[in-house]
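Structure first, then comments.
Chain nomenclature is as follows: A, B and C, assigned in order of appearance, with residue numbering initiated at 1 for each chain independently.
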Amino acid sequence: MGQALALPRSVELPGGGSLPRVGSVDAVALEARAAELAKRSIKRESKIFALELAIRMMDLTTLEGADTPGKVRAMCAKAMVPDPTEPSVPHVAAVCVYPSLVATARRALRGSAVKVASVATAFPSGQAPLDVKLADVRAAVEAGADEIDMVIDRGAFLSGRIGRVYEEVVAVKDACGDAHLKVILETGELGSYDAVRKASLVAIAGGADFIKTSTGKVTPAATLPVTLCMLEVIRDVHDETGLVIGMKPAGGIRTAKQSVQYLCLLHETLGPDWLTPDLFRFGASSLLNDVLLQLRKQRTGIYRSPDEMTLD
Amino acid sequence: MSARLPVRKTYKLFIGGAFPRSESGRTLDHEGHNVARASRKDARDAVVAARKGFAAWSSATAYNRGQVLYRLAETMETRQAALAAVCSGRREVARAIDRVVWYAGWADKLAQVLGGANPVAGPYFNFTLPEPTGVVAVIAPDEPALDGLVARVLPALAGGNAVVVVASEAHPLAAIELAEAVATSDVPGGVVNVLTGLRAELAPVLAAHMDVNAIDVTGADGDVAALEILAAENVKRVVRAREDRSPWEVGAFMELKTVWHPIGR
Amino acid sequence: MAAVAKKGDTPVPAGGWDYAPAPESRDIVSFEERYGLFIGGEEVSPRSRAWFPTVSPATEEPLAEVAQAGPKDVALAVDAAREGFEAWRAWKPSERAKVLFRIARILQERARELAVAESLDGGKPIKESRDVDIPLAAAHFFYYAGWADKLEYAFPGRRPRPLGVAAQIVPWNFPLLMLAWKIAPALACGNTVVLKPAETTPLTALLFADVCRQAQVPPGVVNIVTGDGSTGAHLVRSDGIDKVAFTGSTEVGKAIQRELAGRDIALTLELGGKAANIVFDDCALDQAVEGIVNGIYFNQGHVCCAGSRLLVQESIHDQLVRKLKRRMATLRVGDPLDKNTDIGAINSKAQLDRITELVEAGTEEGAEIYQPPCRLPEKGWWFAPTVFTGVAQSHRIAREEIFGPVLSVLTFRTPDEAVEKANNTMYGLSAGVWTEKGSRILWMADRMRAGVVWGNTFNRFDPASPFGGYKESGFGREGGRHGLEAYLRFE
């Protein structure tokens, strides 16, 4: 029953098994399960744990045409010390910027453990010739990016040219060198959970270290059900092959409450081993301040004002 | 010491859940009140609002629609005095409220009476479902001022449609009071829209409008045939009241969809 | 799961991320020390002068004392219902409808209080009583309120009339919801009722009596008599009833059917089940696992229509069972009032003994048992979610209703074989079919000898959807337009 997708010779799988079958995803049941998990009531010390983990998992992001070195420097300062009044608050996992600002980010983050992730491959649309997209990747890597967030070619995917999608992932992975690769599926454009599952498997077959929901430029971006769908793919891949793949929901996650819901989803689908920034990231910008406010509220018992947090 | 001056109500249109004045700025004098005189552009805006409201209303569950319509009855019950003041009185208001309750109770039962499984001669599962037609224009009857309007609007709403009402010229205030009850009853914006003004000016605009799916002419006086000719341009469903109350009054504002699917290993 | 390489510090607490207790507050409900019977619109002390405690199955603490209605009490209740009927039948149907709408609204307004009471008295998780039981109960009253003045449309060409006094006996697994399933259609059709809640779960019925007072239900229209099985027997033997509606075990259902023989009293029965949940290899696999889990562990498996037999196509047996066991390990068993609890307490010691006995039989007969590790509380009655693999059709655990969180897994090869095995039972309440192939869903549904067939889903209930069984799962339907029939006669 399994549909084995062809793997490039250079990728060695520990288990050597074939990827799980694509199959179908029942949308109603998937959404109901996600909604059930979102109802978990996380309180007190388990809430503080979740909020701190959410910060450690954050890819603080700015991807605007209007981005400047000044803007990126300010965001990097926030990334390293999210709450200057509270030293126990950890730093975020990474910052995420356009390739042209990677060098600025590296300089600003010198000496810290915060990583630099760069989008590439003609983000967000991916509508450019392959050699342009690969040059984009190499530029980011040369500028010092630790992680590359690529977009798949949705035009190819939606017109049935799955092989092209796969080959591009392989080529980008090669161009990444040591940088680790996140593959953005742009789930909001794919049309169904079945398509998301298929795209996830193709991305993983091509060498993705992480699969990521969205560019954040299209609505809907990340949702709980689509995240659950992708986590289930990761679980199946791990079962069949032993491969460990990470996941990143991005876009539309603005509140601390949402971030805790995503963590419940992760926890109850993949287990505690996946509760680490090495395997799960939030692509977000305004989320950080809401999490900081909620942390402060948990510690003091008082509802906070948004004015209390810096806007960087 | 002078007597207390009452704060008078301004009677405006009801479009998209809000109460705007007519874009034309015109009013009509009705028993000392300045009532908005809707223009063709207001009618156009109302249809746009209704189309949006229809999307929300038709995608709610039938149970939810029933509950919202019941809430409308609750709201009308607390507004009995205000409603009675603009129609023939409390008895008419009570009848209107009970009618709202009656139709509210139909929302989650229509499919069971109007639809059903069909025993076709072949290995197919076949079923027929009623669905709302979309945006319904209602030319409100003059009498009874409140209950007459309710008798036409509630069947359309119970089926999941959105309505654009051309209020009675003789009794525009009843329509606006009803709109105020609607506005405070969890009915999504745009599901009910009320245009006060001149029937002869507004009815033909809605009858001809290409994005209106059905027109109820029960309250249309004057040249009904002319409205029907205009309605033919996009094959509108032309509806008239047939019974005082019935699920088939609701059915008149609904389409029937029949679905086939093979039955096999 | 293979070891995962970790880079950097990842201070997940040893043993994983423990959710802190998240209890729903008990303060919202306050029980009386003692509840009398609700007869003729009043709370009355039992003539029997007997009382008994109702306890929380999670802690064994007594919650309140309720009356043990004896034969005289039952007779009084039936008389009050008769008197109430003479008045109620004269009401305009649209006014009867309004009483039911009021009840629906009040149930919505007092929803949290009722949910907490239900979880305390019966043991089910607050998540379920809050999100399923109480909302559905309110919805049933809402739905049937709307039929009260529309009966002629439900039965074209016939003239519907009420039966009179309905004797109704409901079980302990969905106390308030089963009460709603009984009372809403009965009243909508113009009848009056004497309802006996289950011995171990009387409290929400008694709170419902208060709801009736608030809604100004006329005296005698709703009467609640609490007690054990003997109360139910007196009720069924009573001369003054026109109808009996019973939900409970098949055994007691048969006894009632025998008792009513020759007495020309309308009867509907909703009895036990041993539903087959049939999973084909082309199903949406993870969602099927959710459906299986929901099918047997929802409400601790105390569900007549529970998917207690998993019939899995042999080609995906191993993969499915692996996923199922892993999913079972994430089920949280514990305090019913904790918002994160998935599985609550077993309703009574008696039920726990029954489950234990059958589970022992399962291992004796050679099936292989799996239970995820879970810490069960010291006090109270608990059973870990359990699955048996290697079950044969002839095993007791494949034939007898366990009524607990115990799943039996069998295999099949072809659709025809699945149909054969699924129908090979004296029961016929429900079935589940999991396949992404539409025509197969319909083909299977066509052949299931079951009153409810769930395609790619399970345990879905709606007041508009008729529910009831084939064969020894009972007869008559509750819910939908068809649910009105049980409470009417036709001129």
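Heads up, the rule we're going with is that contacts are C-beta pairs under 8 Å (C-beta built on N, C-alpha and C of every residue); 3 or more make two chains touch, one makes a residue touch a chain.
The model shown is predicted, which means the values in this text are computed figures rather than measured ones.
Asks: Ignoring chain C and leaving every other chain in place, which groups of chains are still linked through touching?
Replies: A | B
Asks: Which chain has the mean of its C-alpha atoms lying nearest to the mean of all protein C-alpha atoms shown?
Replies: C
Asks: Can you work out the whole-Å distance between the CA centroids of chain A and chain C?
Replies: So the centroids are 43 Å from each other.
Asks: Could you put a whole-Å number on the gap between the CA centroids of chain A and chain B?
Replies: 48
Asks: Between chain B and chain C, what distance separates the C-alpha centroids? Give it in angstrom.
Replies: Centres of chain B and chain C (C-alpha means) sit 40 Å apart.
Asks: Can you name the residues of chain C that touch chain B in the complex?
Replies: The contact residues of chain C facing chain B are 94, 97-98, 101, 139, 142-143, 145-150, 153-154, 415-416, 438-440, 442-443, 446, 463-464, 480-481.
Asks: Name, in rising order, each residue of chain C that touches chain A in their complex.
Replies: It comes out as residues 1-2, 4-8, 10, 12-13, 16-22, 127, 131, 281-287, 290-291, 315-316, 322, 330, 339-340, 436, 456-457.
Asks: In the complex formed with chain C, which residues of chain A make contact?
Replies: 1, 14, 23-26, 28-30, 32-33, 39-47, 49-50, 113, 232, 238-239, 242, 244, 263, 267-268, 271-279
Asks: Could you pull out which chain B residues touch chain C in their complex?
Replies: Going by the criterion above, the answer is residues 62-63, 66-67, 70, 98, 101-102, 104-109, 112-113, 125, 247, 261-265.
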